[in-house]
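One chain, chain A, links the two complexes that follow: it is found with chain B in the first and with chain C in the second.
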Partner chain A sequence: MIVRPRRDDHLVIGKYTGKVLVGVGLLMVVPFVTSLVFAEWDTAVDFLISMMACFMFGFGAQAMCRTTKELGWTHGLVVASGSWIWATLIGCLPLYLSGHEGSYLDAMFDVMSGYTTTGLYLLQDLDHISHGLNMWRHVLTYAGGQGIVVIALTFLFKGTAGAYSVYVGEGRDERLLPNVVHTARAIWLVSIAYLGAGTLALWVSALLLGQEPVRAFLHSLWVFMGAWSTGGFAPQSYNTMWYHSLPHELITSIIFIAGSFNFALHWAVWTGRRREIVRNVETVSFAVTLTLFVLVATFWLAKAGVYPDAMALFRKAFYQLASGHTTTGFSTIYSRAFVTQWGTAGLLAVTAVMGIGASACSTGGGIKGIRVGMIFKSLVAEVRRMVAPRSAVIRESYHHLRENWLEDDAVKSALMVTVLYVFMYSVAGLLGTFFGYDLPSALFEGVSAGSNTGLSCGLTSPSMPDALKCFYIVFMWLGRLEFMSVFALLGYGISIARGR
Partner chain B sequence: MERTERVEPRIPPMTARSNWGGYARGMAVEILFILFIIGAGVVLAFVAAELWL
Partner chain C sequence: MTRRLRHLAAAAFALTGLLIVTSPASAFESPNNPSSGGLVEEPKSWDGKTIRFEGEAVGEAMVRGESAWLHLNDDAYMYKNVEEGAPLEGYNAGMPVWLPAKLARRVRVFGDYKHEGDVVRVTGIFHAACGEHGGDMDIHARELEVVLPGRAVADPVVPWKLDLALVLTVGAVSAIAFDRSARRRERVGNARTRR
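Moving on to the complex of A and B:
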């Protein structure tokens, strides 16, 4: 039970939420400068207004909520979940002011989709938006992949004891280094190193495709941000298909699969424990489930004769499934092709991999490989227990950074979160049918939103019902934060209302 | 008799200096692993195509 919050509790939450909003304002400097460089004055003014709003609310909240109280566990969780709402409400201003959004709700949808690295969007005329606005969409998704709070931890929180709870509240629970602020900085180190290497590789590929250098650089940077953060935003409405390039598909596949790995795994491999990558339960789980579903989809698509040769079959089947499994959302087919060409089996295979999702403590979403691995191991242990003599002691272990015994508490926790995800996916699918869509499509789109993937079979559009947009915003938020900090926020609200 | 067990640290120790060569090798190992997964996908596609196309 959460004890009735007192004035000090509100103040500490307000103070740290203000810090996160200042962080969002500082992030807008990047697209603002981009707009100035490309002489996009209207866009620059939009960003100036939005930055002022962030600073006004951010510094205002800090000024109004002066307190010496330290951030506690519950505060951290409430700050983490609440910050995402405030950051969405204010962060969508540049998109709304640009005139490319049908409504403020549509702008909020796009920004929540960016922060949560989902990739679904309602923005209109994507192919003709300004460089500044495109930069903002991709900075949003790149920052969201690291976690808004990780940014704040890195630059603004200065290592307070409660910072770890904010970090956990954002759906992460791995400490790469003993200090949580150092952990946040290690996450940045990995991300920025890949940013350099990935952008360079994509830039060379774009130059070979014939793009002029500056445009090639911008596209490479944005595509990298969309891929690494497993976000799925792209500068063109045709997404990866726009490039029609095998090297581009190969490079983006490497980036988004790397982006879907646990940051603790990256850090272990980078600090000398190379064999971790083939032993870790998450990479093993990912390799097994991806291979299994690629098998189902390729055989189904080959049997249905959708693609003319093996290369086309590989490029289409593997890319969509890997993109779905890593919860990226890049695609090389038209949205409606999932329904019109891939059929129910293909659609359900992609839905399943999206639901499973990426690794814990990565930029990706979904149930997560570690939970799937643990539940599978637990199932194996149960079967072994059933067939073994009564006196036998059966214990199962899994490898994640070291050998861990499969304890009942850990399995219970994995099952609980898995049940919550499955429940959310089911509700999302049923809601889609309530609004008149067929069940496979509604399930596909609902799972895509809830697992923060962003692949679409055509349901997500500005003309979809406003209520469904609101539900998808909530699913994206819930899926990204893995429920607990959202429940903490709800508990906080209820305890205020009930007075205890 | 008490038995002590040497436990591998869960967290890689924080080093004073950044090891850029080690980071680059780590990144290369990750990319090779991903290429291996992609290779498996290629094989599957060719097997499927051989059977049905």
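Moving on to the complex of A and C:
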């Protein structure tokens, strides 16, 4: 029998969703101040409207949903998944009001893409948008990378009871510290420290590349936010092609690779366990799959004679593949060049790495290196069992912060999520073909949306069918939250309709 | 069962409706032949050929020694941008141009939020994958001519937005006050219960 949620259940969900909305409103202070500093008055008013809408709904929800009931496991998951919808519905107001979006749906697409650190966008005439709006796009992706619920946990949640379920609901399960609120703060500490160092490195590089200081600073800050959050938004429509610079590509590669690593790994390194970088199953898995697919793409591109020399060939292959694998979405080639220059094999190589994706509990998306590593180790264990004598006991382990035995339950869980991702990628690809696109392009774009990467081969555009935009919004959301909390939200909806 | 079928039919109908809704594609035609889109679509056909390319200079000129990078957009916004009221007609599109720094300095206004940039015409060699620049697609130009000077763009605050901001500010302040008073009532209630 399905139990219908009681009034108190709705109230507790409403109360905490309200807190997340207030958090979104507070985030808007950054672009609002940016607009004021650069005298972009129309943009400033857009942000004022949006902030006030967030506060009105956020505080209004908290006031109307007073309850002493504590957050339970289901509530947490529903708050996490539901908040992303509400935060998208209201967070897209500044983009819509700017006049650069074709419809409210397009604005929602961009905001969901930002929060989920995907990087696909439908905003038009990007090269003429205000600094305030560009700041919002990048703050969205930077905040989304840490998790908008993590923000609320850090600043707005007082108690910790039930907070862990909201945290898990956002696709994370690592506790860096015993207390989940302290964990959320530790994630911010790591991110803000990198923000300072990364922006400084990019700023020095940008000055040397010929940008004037203020513009160089803004570009550096935004590029850092796009890279660290593995978001892929860039301040100009040319994306990373704008800079024409090997040092810039190197610095951004380091940042997005670091951003794609597990926060628990960062924390381990911060607390002195540096050898974790070379021992962790996720970094090993990432290094192996990246090397493999860079070799495949390099071989194919060399055979096709696309690039004039080995250096150009390696530079292009490595950057697109590393960007795809970390689910960043920065690119040093035109979107359509994936089709017109890289061809089917190149498209498929990038599709494969995007599908695998980054590390768990990072800013990235995709199946995740830890699952790929665990499934591979499980396969090895099976083969060993087959060839070993019957009496032999074969156990496999993997290193993630410590040596862990590969238990059946963990493998089952990894396989289940992997199957869900593969199913979603297949549906996304098939839907693309249903709308008239060829299979490799449809698969590339569908995987890019579902793995929160943001590389495009030209399929995503403001003129694409609205239904496909809706599907991509759902895929981005599902991919970022790793299904479970979205299923919990659906279950909650069903229990309202059918429960007794 | 019939009800379920009816729901399914309604969902299928709604989905079909969504499938046919598409936003209009751009009607703008680039002054260039080939346009930047044409160069990206058929890079091999144009590789190594001398072309003439016209577009709005956007962002900045990045001077590197004796040479510089310009980015020229030949898209729907090259004469009038969205901030000035141009209709939305798709993404930006353009080509990077590598040229002598002294030519780049002729560009006075670069396109951004507050400016519509100079429209310039360059003549140079198109590279599908430039050996000098790490495989980038670019044009190495030898000549530059300013076709249309750029200008400052005003984006005044729309009055209805100010009205909306005022209404929402009142709404937000009321919601905060309502929340505060609800909390206070809750605290008082809790204290009484404890007593």
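Simple rule for what comes next: the second predicted complex is superposed on the first by the 495 of 500 C-alpha atoms of A that agree within 3 Å, B and C clash if a C-alpha of one lies under 4 Å from a C-alpha of the other, contacts with A are read in each partner's own complex, and residues count from 1 in each chain.
Quick note on the criterion: a residue touches a chain if its C-beta (ideal position, glycine included) is under 8 Å from a C-beta of that chain, and two chains touch if they have at least 3 such contacts.
What you see is a predicted model, and the numbers here were worked out from it, not measured in a lab.
> Tell me which partner touches more residues of chain A in the superposed arrangement, chain B or chain C.
C
> Of the two partner chains, chain B (first) and chain C (second), which one does A:L250 touch, if any: first, second, both, or neither?
After superposition on chain A, A:L250 lies in contact with chain B alone.
> Per the contact definition in the header, classify A:L290: touching chain B only (first), chain C only (second), both, or neither.
Touch status of A:L290: first partner only.
> Would you sort A:A488 into first (chain B), second (chain C), both or neither based on which partner it touches?
Touch partners of A:A488: none, neither chain B nor chain C.
> Classify the contacts of A:D309 with the two partner chains as first (chain B alone), second (chain C alone), both, or neither.
It touches chain B and chain C both.
> According to the stated criteria, A:A143 is in contact with first (chain B), second (chain C), both, or neither; which is it?
In the superposition, A:A143 contacts neither chain B nor chain C.
> Kindly classify A:T332 by the partners it touches after superposition: chain B alone (first), chain C alone (second), both, or neither?
Touch status of A:T332: second partner only.
> Quick check for you: in the superposed arrangement, does A:V278 touch first (chain B), second (chain C), both or neither?
first
> Touching chain B and also chain C: which chain A residues?
308-309, 311, 313
> Mind listing the chain A positions that touch chain C in their complex?
Those in contact with chain C are residues 40-43, 45-46, 48-49, 51-53, 55-60, 62-64, 66, 68, 97, 99-103, 106, 124-131, 209-212, 215, 236-238, 241-244, 246, 306-309, 311-313, 315-316, 332-334, 336-337, 340-341, 435, 461-467, 470.
> Can you tell me which positions in chain C touch chain A when the two form their complex?
Checking each residue of chain C against chain A gives 15, 18-26, 37, 40-43, 58-64, 68-69, 71, 73, 75-77, 81-83, 86, 88-94, 96, 98, 111-114, 116, 128-131, 133-138, 155-158, 161-162, 164-165, 168-169, 171-172, 174-176, 178-179, 181-183, 186, 190.
> Would you pull the chain B residues touching chain A in the complex into a rising list?
Result: residues 7-8, 10-12, 14-15, 18-19, 22-23, 25-27, 29-31, 33-35, 37-38, 40-42, 44-46, 48-53 of chain B touch chain A.
> Could you please specify the touching residues of chain A with respect to chain B in the complex?
The contact residues of chain A facing chain B are 175-179, 182, 189, 193-194, 197, 250, 253-254, 257-258, 261, 266-274, 277-278, 283, 286-287, 290-291, 294-295, 298-299, 301-303, 305, 308-311, 313-314, 317-318, 322, 401-402.
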